[in-house]
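Dropping the structures in below, format is structure tokens.
Consider the two complexes below, in which chain A is the common component and chain B and chain C are the respective partners.
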Partner chain A sequence: MNAPRSTSPHASKSLFAKLRSWEAFLTFVLILVILVNSTLIPQYFTISNQINLFQLSIEKVIVALVMTFVIINAEIDLSVGSIMGLAACLFGWLFQNGVSAEMAIVIVMIAGGLAGALNGYFIAFVGLPSLVVTLATLIGFRGLARVLVEDRGITDFPDWFDALGQQGLVGPIPFSFFAFIVLFTIAFIILHRSAFGRLTYTIGNNREVAEFAGVNTAAVKMKIFVASGLVAAFAGLLYAARVGAVRGDVALGFELDIITLVLLGGVSIFGGSGTMVGTLLALLIVLNLRNGMALMNVTGHIQTGVIGVLLIVSVVLPRLDVTRIFKSRNPRGTRQ
Partner chain B sequence: MKLFKTLCIASALMVSASGGAMAQAISLNGGEDVDMVLLPKFLGILVFDQANEGAQEAHAELNNPGELLFVGPTPENSVAGQIEIMTTSATQGQGAVMLSNNAGDQIVPSAKAAQAAGTKIVTWDSPIPSGEGEDVFVAQVDFGSIGEVMADMALSILGGEGQMAILSATPDAANQNAWIASLKEVLAADAKYSGIELVDTVYGDDQSEVSYNRALALVDKYPDLGLIMSPTTVGIQASSKAMQDEGLCDQVKVSGLGLPSEMLSYTLNGCAPEFALWDFRDLGYLTYYTAYGMATGQLSGEIGETFTAGRMGDYTIEEDPGRPGSKRILMGPFTVYTSENVEAAAN
Partner chain C sequence: MEQPVLELRDISKNFGMTRALAHMSISLFPGEVHAVVGENGAGKSTMIKIMTGIYPPSSGALQVDGTTVTISGPHMAREKGIVAIYQEPMVFPDLDVAENIFISSTREGLIQNPARLRHKARQLLARVGISLDVERIASGLTLAEQQAVEIARALSQDVRVLIMDEPTASLSAHEAAQLRRIATKLAEDGVSVVYISHRLEEVFDIAHRVTVIRDGEHISTRPVSEVTSDGMISEMVGREFESLFEKSPSVARPEVILEVKDLAVDEIFSGVSFDLHYGEVLCMAGLVGARRTDIGLALFGIHPAGSGTVSFKGKPLVITSAAQAMKAGIAYVSEDRRKFGLAMPMPIRENITLATLGEFLSRWGLVKRKKEVEVAETFKKRLNIRTPDIEMAVGMLSGGNQQKVMLAKWLNMKPDLLIFDEPTRGVDVGAKAEVHDLIREFVAAGGAAIVISSDLPEVLAMGDRILVMREGRQMGILTHEEATQENIMALATGQTSTREVA
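Moving on to the complex of A and B:
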């Protein structure tokens, strides 16, 4: 809708201009990865592999949706992995102490919202940097998770709970996949089609200006962090259902993978720009790349290295003058 | 072990004499084509590389035209990485996954899915706690015998009597606590250990620096201390270094569970004259034979089944006493390392 602030003489809607966007670049990379995978790996296009590909990372992918809001808003949430771990462990602990699984899910979701609210309070109302606050809660929530279950593993959840994570809901397609589609649609509409989404960008671009314009920035930030806590708790429950057991180290270190997905999607770490589609493309790239490398027996260290190079490229490319071919979208982030 | 072998041979002879009425050790046919994956807890740990060497040795010996892969996750991604590799192996249609489990019961759904896809799951080093999704566990040692091994090393180093202190990992490390309890039981049970006085148990948190300082503190606190027993590879190495750095090796010796490669110099210079561990090469070798036998259908995996694992001799599948309902193969006793054999094992 808005013309990109490009020095190009071409019209914004021309194919040429579209090719220059970060999303176009990501689409190109995605097609390349899929082509390579399908050429080299006979099992790649089987239904079971396509489902595995999603299911193995579905929790991270879901949290990445909210992380997109957090980073566009020029904040960071390092505590999501710990909230996932705490949610899974709290669920296990409650269940082990005789609380029904249904009730435990409700309590865990409330706890996730509270965890997010705690982050939000210190960031939005006390005014502390989110890097510091969520680093502290990363440690704190993880500690709490470990206190709850100690070194034990808790398992033997009800069959319906395990089935939800491990079996197909419709045909072979699991519940978590549908949850992702629904959450993606909601996130897309809020970010790109609502006033709240516009405020998220505005605050991310310049908080002072937004405040002078009468925007209640604290309320927006609070809502985003509560959402982050809720979705992380939900993802933690999905994880517990998928692996059928919890331990103190559930989702340890996931926050960095999640942030990587979002940054690779073209969301600026300085806030104010990025799109849901960018995040979606980035996670499709990383999922397919990881799956391909795993099926080609590429070992863990090299996989991490490849993703690392990809991230460096994604951060450096848009900042290099030479690479204006892959110029980012306009700073408002509204879709073209 | 020798006795066990002799017994096996003797019984095998008897069996053949009596016309094969009893189960005989199954001799595995080589040359069958089966792809297998050796999946360690994570990469970059020496003992897992050694297990891989053992598995590769068996792979070559059995002339398997298939592929033996050694793939693992990074340490910071161990749990999710193991689940991912397990899932991928099922997709690839691997004949067997040999797993040193670091994911607890979280590995169960993916391991079960792999079994459903026809992949055999043989665990080694660390089993699946519930035993679900696992065909058999190749156990390195009988952990019940660990107390006796440590008591005997103490007896030999102290020459019958003297003061001993334990330097363990963390106060709540389940393995170490069980082993220390076992040591205390053995010390109390047999009169031949009555000269050994256990004066203290301290914890080095499995960190070199902390363990090093705790070892020195023990020497200050107990002037007559003759031995530090450390049932952890970090603790034993740090204690040895502390005694060596302070020139205390004539007075206070170190023993426990350690890695030959890390303990080589301390064993040769007399700071840690004896220590114990199991051989990870042998563990990888035996695990490969087990997995190969099961993946090629030559072994059914039933309790009581006996087979010959190449150079290591005969092994029998039995119920795991620690995990009722699960199956295990017990590799054998601890290897006690001294200046005689440590060099060969260190390379």
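Moving on to the complex of A and C:
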């Protein structure tokens, strides 16, 4: 559909075409947000605020990286918030029952991988729609998390664990920031430079074409969902470390924020197009926008409303591009 | 002469810098079948889109019944009685035939009476001489039946100009003949039929007048009695034309590459047995529903065979997946580019390397883009793929060039056996000859080819031997010397049955 990847090469040299690319538009919005913030808010450009704005949403931001793969593959994973919650609660429960924190981390990561594999099995091999499967596991995994922890919070984790989430690892920069840089780099290389990334796009565009080219499309989908589970579990642990406590409602509803980030980044909900840079720009915009609004004492509800408007604009805007509708030949290649 | 229903006067259409139509003029009269021929990219599609209001013209005028009008969209075109149907019909798979026919009808009011709809649907289908259960769900219809639904839909809207864009490209000879009868009958009823086809014999069969267009320009309009096939083709391609579809001498060698015995897929086809030699072209002929594609899919592992044996390059081979067939050296070029062949929004380069991505990986599993570009550029030159840039989305190319990209993808695999399923469907004359040359080159280099085709002249021009299928049964194998259009059709329609194996 609106495939930013396949913009016409004839026009790619002109400035006009560059402005039309979604990434360029996002960059423009990001600069605007930063300019407005730094003009209106004196404490915006301090190091502590910059770290703070990043750290507060780090879990969602990390999961958005894998969600980019999931949606480009023309699937959806609604269960990531619940897997994050389950991971945090499982960690708390294990720790409370005398398992060492190190061991608990290992078990939680395995559980995350298994949770993703459960999704992947039903989607890739049984062939059920991911919307249905992950809606079911969204409920299931959340239920499990609540059973483990019930209504009381679990806290008093080891100091090194809390420190990982709350203090700087190198100077004031926390562990999660480095984790994000590493994960983003890996995700970028896999999506844009590796065969796996190529197949992710191809399957998202047309699974049959990939099948007819001898690609094991089920295996690709399975790997993506396992990665989604693993990364969500990792993000759940980061959450536990940052807050220093877990409860049954950890990361409740995060999946929608994460999907919003990815769609805002220009990934088509129909699959097949989008870029890692688009996702990065989208999350920088949302983080800075929220931070700016928070510093200006805008309430959370209005913040959410603004993000919602942004998402609607991001979906509508590419469709208002009249030049694209009348571009020579049908870009979707449906009819000749 | 009477007044034209629809007339284009000096119409031009530009897309940015590209001129798709230049000073096009054409008049359509009631009661005539007006054939429009031209190579892919000649501007036929643009012309249809202007007639049906999808594109506004850049300059020039459109006249309906002698009055200049502005057709601002498909809806308005329909009100004026101008309807187009395409080679791939638009049906809603979950609705039944009657519902599909009346899908865009506003006259039925808000609340539809299903019994009345069905009755009216039956009448419309009877008018075009087709018997079809109006309560059948559309997803189970053959392409030909879907087209009948589209024509009936057009009739339900009091069509005055019916534009048929390559309606028979996907049909078997028998179905195509039936469709041509429908077109003729509609013209007798006073409808002006615009008939666009790559099959020139069809044009001679039904058209009253023929318009040739090339590079967006009007070349000629003549009564069909004044044109010849060769003259028409040289006008289309803009150069002198020597007979394209003559059989070249066989390069088959004595060694057998593929031996198929009693191959069957439950309830689809059975009893398929043949052998294939290195350097040989075996054509599979038959009507739609003869299950030729299913044989291709079984040999390529998409729908593995239920019983029977296959021996490939002297060894028994049980094919259960496409990956395995490819490893053995078998490739399959699908008949359906959009569904199974190409990822349309993706670049030409990425489509060409898809089947052989493993060969383009560095030690770290990363794609070597430079090597990809080299290979794609090589194929662009070798197959004469007409595109300014290999990074362009493959969906932006014309049908013939898309076909070449798909061939490039499989040729790069360097297979020993290539199965071509309708390799020239919806492809213009020039590209068709190029595809034929490619197949000949491929077998001359030692490969073996199975060509599934509904185009009888193509079957006769390409096949060293011709295997004829009918409703999942192998009816016989003819050598090139024995084969004629008549005896192939006789086998395909079940009028005779030979079982000799050449």
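What we mean here is this: the second predicted complex is superposed on the first by the 306 of 336 C-alpha atoms of A that agree within 3 Å, B and C clash if a C-alpha of one lies under 4 Å from a C-alpha of the other, contacts with A are read in each partner's own complex, and residues count from 1 in each chain.
Going forward, a contact is a pair of C-beta atoms (placed from the backbone, for glycine too) under 8 Å apart; a residue touches a chain by one contact, two chains touch by 3 or more.
This structure is a prediction, so every number in the text was calculated from the model and none was measured.
By the touch criterion defined above, A:210 lies against chain C but remains apart from chain B after alignment on the C-alpha atoms of chain A. When the shared chain is aligned, chain C comes close enough to touch A:189, but chain B does not. Legend: residue contacts after superposition of the two complexes on their common chain; A:255 is shown touching neither chain B nor chain C.
In the superposition on chain A, A:23 makes contact with neither chain B nor chain C. When the shared chain is aligned, no partner comes close enough to touch A:77: not chain B, not chain C. In the superposition on chain A, contact is made by A:52 with chain B only, not with chain C.
Residue contacts after overlaying the shared chain place A:301 against chain B, while chain C stays out of touching range.
Once both structures are placed on chain A, no chain A residue is touched by chain B and, in the other complex, by chain C.
Here chain C touches chain A in the complex through residues 15-16, 18, 20, 40, 45, 55, 86, 88, 300, 302, 321-323, 325-326, 332, 334, 338-347, 350, 354-355, 357-358, 360-361, 365-367, 388-389, 391-399, 402, 409, 426, going by the rule given at the top.
On chain A, the positions that touch chain B within their shared complex are 43, 46, 48-49, 52, 56, 150-151, 153, 155, 162, 165-166, 242-247, 249-250, 252-254, 290-291, 294-295, 297, 299-301, 304. On the side of chain A, the complex with chain C involves touching residues 3, 5-6, 8-10, 189, 193-196, 198-199, 201-202, 205-206, 208-216, 272-273, 326-336.
Only residues 42-44, 69, 71-74, 76-77, 79-81, 83-85, 87-88, 91-93, 103-110, 113, 129-130, 172, 174 of chain B touch chain A when the two sit together in their complex.
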